[in-house]
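Okay, got some structures for you below.
Shared chain: chain A. Partners: chain B in the first complex, chain C in the second.
Our next item is the complex of A and B:
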């Protein structure tokens, strides 16, 4: 970067930042948090909350750190007496009407008002003789409740709807201490990205109906992951409580989703909590299935693969990791294979003000990853191949009745690597329990060829294993072998051996924000891609 | 080997049992006319304050089995904030929050396993609504083990006194 750098001193720490950076961002780089409410890195700054006031040497009065640009040689004090006193005053005024309902507030534990009051607020109130303002809870839309009492009028939600979603349904109504967040009389807060106002709200004023009363913030275990909703590949955090996924929240990644995620992705977690999972490998013995151990099941898988005459078909879900898709494909390398990935579609819903961010029409995360390891997305082509195939591997695909009819009419032996066992697939020769994306480590490649890791958020049911483990063991063959991958990182290395596009990167490189696979189109064969949309 | 036995010659009045018996009986009869110290539990019980000999008080800081306090309408004061299961060192409180017909947060399930409880009183100390309390109570016998998991109804219907945890006149225990 050839940007001009300026050096400022913040609380005694020197930091060099590009010219035009605000004090609050410069402080962040120095590792100093300037308390703030209205400021948000993905929203325009109105400087209305007055919480981020800092002392700037030679400035006549305190400056709002969120809109003041740094200047060369500037000396900023965040922890000076004057700045602290200003923040204490702001907090005291905010608390005049803020109810003391932290015990029943969903935000408690992750509330910025709570944090800052504990950190530097007054111990007591000087307004105890006045009754607090009270307004009833309002229903804003499909998933959002507004609790006016808790609102501190930072206007983040108003600015998000107006400037980012460009669907201005929220406003600040009335004036002075009577002000509240109003909603358009004709419209609900039902924009496909409206759920972000709940995350943006620094207090518990805008709350999610879906998450209401489900868990306290301190009960949650948080795992960095990638949204399995569409090919956008938004970075998310999976919040679990006692091994149950209770919500998905966006995780900042400026290259992919900034600080946002859509409501479709946000609500798309219930399938991760299904209780009707396969918990042990099942082999067919005559007319029924018998639960067995992995050694027996893997032997049977090896026999089926070796015994296959003719071609094989892989019907895979787009929710499978790149490692799983790749190694399952590699497992059948000696056979002629038609591999297809299932791509459910929906309506595209862009977020207006953020370029290249939308809920994509392809509602499954790993279409690009599947294409890179030789899968086509023409589902019917795969089904038509079934008529002459000797082996069909169903990799957790959700099969419709017509798909099942195709399989029933096919002479092929059926291997199901699945999370659930559909009633209609009772003729499967081998059923191997695999984990969902929340129960394994793996990676997805999004539509911009960015490969991103996701991590295990909950424990797997019974003997279920990641599909890449199953395929890796099948490739390595029976007996103790060093070549079977024990971790997702090792499975990923195996991908690199077969598909050079992955060879240049590793799990360590990907880190928490992913990495774009640089090599252009590769010869992997079998890809019958007909994707629409621009990169 | 012969054992040599030496017989001591003592005065008759010192070795006679008559004197010792009379002495013992005198003590016994003396107690018959003194104030009784034995309390006839369970016919007699502590009433919570000292009524002299035979009665004793449990400390107001005694931490016994729990009691959930209720509001004027008889509803439990608990708002299911989740602090007591969080603080509980024995992990004996089970809480599932829900919403009642007025839209208020309340406990759908609130259970305390009194067997598992170590009676530390942290739940009472942490409760922001002054709902859950440890009780000044010690009679907990039951016929089956499962009766020791107290549910919300049982906790709310207890009527015994609740602990003050600390002496109000000397809160720091100095």
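Our next item is the complex of A and C:
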């Protein structure tokens, strides 16, 4: 596979890019941002905002960098007087009818109009003699409001719905400076992926009702994570404000979700902010549970495991990290174990124009990861085993009444590693507080065997610890010589010892976009040598 | 002929010879006048030979840009296995232009014959004629002509027994000026919003429905049968000045003129002769003030420039304007230039497709400034602002609509600045209510 390269000079920097690359992308390679509005790497380019006009040597006119392909030896100037003047002109025109309501606009702080105007716009307006155009806010659908006054008509939203979602409910209506984004009167912007128009909007014109006036962009902490909504594994950013998750947004990963995420995933964050969390380990003392410290709780856990006669059952949530699922499984290595993972299901909702991208029917992130560490997905099989089991470990699974009935009728000791303590689980012998995916580091394996890391976005409540930490401590046992994993990366290395499929990669290797797990035989031919845990 | 006036001896009626003659509209009447002989002739030739003949003639596009027609046809890919399309631009929405309307009204079969010849030359089986929505009468006449020509075997699955399929489809516009822009027209035919497309890709590579497409103006195509019958050399010989401008040109003359109408002149005829001889000059007691020579989109000429101008592509450029679509708007000394320029700007602001920022916002803003000047609220700073905005609107957008809005403003300020000053300094009564 030989790709023909062309070399161009952009603002004095030379860069070699594949033939056919646009100037805007070539500039990105050289570390130069060509200001733009309508261009988006995951949408077709209409070249309408005219913001990315650059000077190309020998071209009589300024060229739109978003649709002009590079040519060998081309000399491009983004910072020339001519190009700057053109940008200043566009910015002036975009602002003449703009309400400048940044103080009450959700986009402020992450607004491309604000950024570019601040960077190279005019300080004052020459449009002071006229009233600004005014149109009322429109309700576009379940989560999207349209504020026409702020709209710069870049048409990203229209193109997303038309060319990516293939559900063309949005359009440009009317002409000239009366134009606005229209929506068919009988339709709503209720496509399962419609929320992306809010992210795509470079200004504060399309805004999320869910996020409306909730936080200022500069008050948000941003954490790279993976969506826990389904087996697709879309890369996301968790935005928190004062330790509360306020928004999930897609994080670009061209291999998994391009620049998008579905509305189901986007709205699936409130459970991360629950206040009724277990904050301390609880041991049963007669009919009551008594809060205790981790040493005592871990001793009790060790006793329960060692004292188990017969088999054990693990009932796990698919939201648990691969490390937690794996180490909890390893913790019971000396016992015969039936481990099952809970897989809620829903309707599949593909994003039409992006191959292999959909809200998946399996609405939990780590089904593949669970399978790789020995979990089955036949929940009922796990429940049936309870009748003869000596120990059941509930790993944060959401239990239905019938699940609880099975547990109540089982002779097994019950250990709950959970975030929430259901009232009906009164017979639990030991309750250990664990963290949610937003409160820990860990990894999920998506349906295409891509293992992806997520990072801690908020602090854990009370004494809650990652489930992998609890299991790691239990495996290591008590005493000063014992060595349990202290980080998720170390916990991951431990997985590799037991399941070779993980041995060929590491946290560093996965980086921010993940790595596809190969069968060990294939992986050994790869560039990365196997690293086996030394713990 | 200077329809609706009798032909003037200084005219050279080729296309307009049968204007006003109802019999020429019918198939039989057209055949009696030598019609469809050109099509029969070229069906025996190779497409390359037809293109060569057109190249020899020096025929250039009559829609405004003046691109050599033979060269345009030769840019179509050869035997690439894809369907090719011919699109005839009959949108004629340029203010001041009304020549294509008369061609369709009086010589519909001449246009159909030209379409068929062009379709054959570029390897197209289908030709779309995009007719301006307001042209109800021309549409009916064209519709009748297509029906007749198909029934008589000139068009259809087997044109004149040649085995060639040449089908003509009429498509009516819905009233948008911008749909006269060739790529917006393609979108409109496809059923999309009439927004101009970015070039490249050019229509010859990916045009209508993504297929190789040639777009020609009505007048260009109507000339083709004449070139084919009388030879490219004959057509090339019709030139009074620059050899790059050949043939005859229909000029639509309107405004403050004694005999407005369509005049067909040989390329290179002095504009002075057209205005004062053929059109009968100014109204009694009036003098010429300005001319917009090529439809509203071109720079305004002063009287002195107009009277010294030769009517061909190069001649008008030499006087700082463009021949464009040759819709000539003549203005006498009663004209309020500021008002006229505002009227034009308002038109462009109304018709902007709203894609490009400079055009969408710039046309509207310039209109408002002109409105303010006319309302007696102008300021000296407005001159610089208008020129800045015009500069920002020129050469920066997908199509030339915003350039067209800027052209009369810049040339107007250059040539008639004192009229703006009169409003600004209060020497002239406001012409509009305050905005």
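What to note about this one:
Heads up, the rule we're going with is that the second predicted complex is superposed on the first by the 516 of 535 C-alpha atoms of A that agree within 3 Å, B and C clash if a C-alpha of one lies under 4 Å from a C-alpha of the other, contacts with A are read in each partner's own complex, and residues count from 1 in each chain.
By definition in this document, a residue touches a chain if its C-beta (ideal position, glycine included) is under 8 Å from a C-beta of that chain, and two chains touch if they have at least 3 such contacts.
Predicted, not measured: the structure shown is a model, and the values here were computed from it.
In the superposition on chain A, A:242 makes contact with neither chain B nor chain C. In the superposition on chain A, contact is made by A:137 with chain B only, not with chain C. By the touch criterion defined above, A:50 lies against chain C but remains apart from chain B after alignment on the C-alpha atoms of chain A. Of the two partner chains placed around the shared chain by superposition, neither chain B nor chain C is touched by A:423.
Of the two partners, chain B and chain C, it is C that touches more residues of chain A. In the superposition on chain A, A:4 makes contact with neither chain B nor chain C.
Contact with chain C, but none with chain B, is seen for A:96 once the two complexes are overlaid on the shared chain. Looking at the shared chain after the overlay, A:218 reaches chain B, while chain C stays out of its contact range. After overlaying the two complexes on the shared chain, residue contacts for A:171 are found with chain C alone; chain B is out of touch. Partner chain B is touched in their complex by these residues of chain A: 102-104, 108, 137, 212-214, 216, 218-219. Contact residues of chain B toward chain A in the complex are 79-83, 86, 97-99, 103-105, 128-129.
Remark: chain C residues 176, 178, 193, 198, 349-358, 360-365, 368, 372, 377, 381, 385, 388, 391-392, 395-398, 435 touch chain A in the complex.
By the touch criterion stated above, chain A contacts chain C in their complex at residues 46-51, 53, 60-62, 64, 67, 86, 89-90, 92-94, 96-97, 126-127, 129-130, 152-153, 155, 171-172, 174-179.
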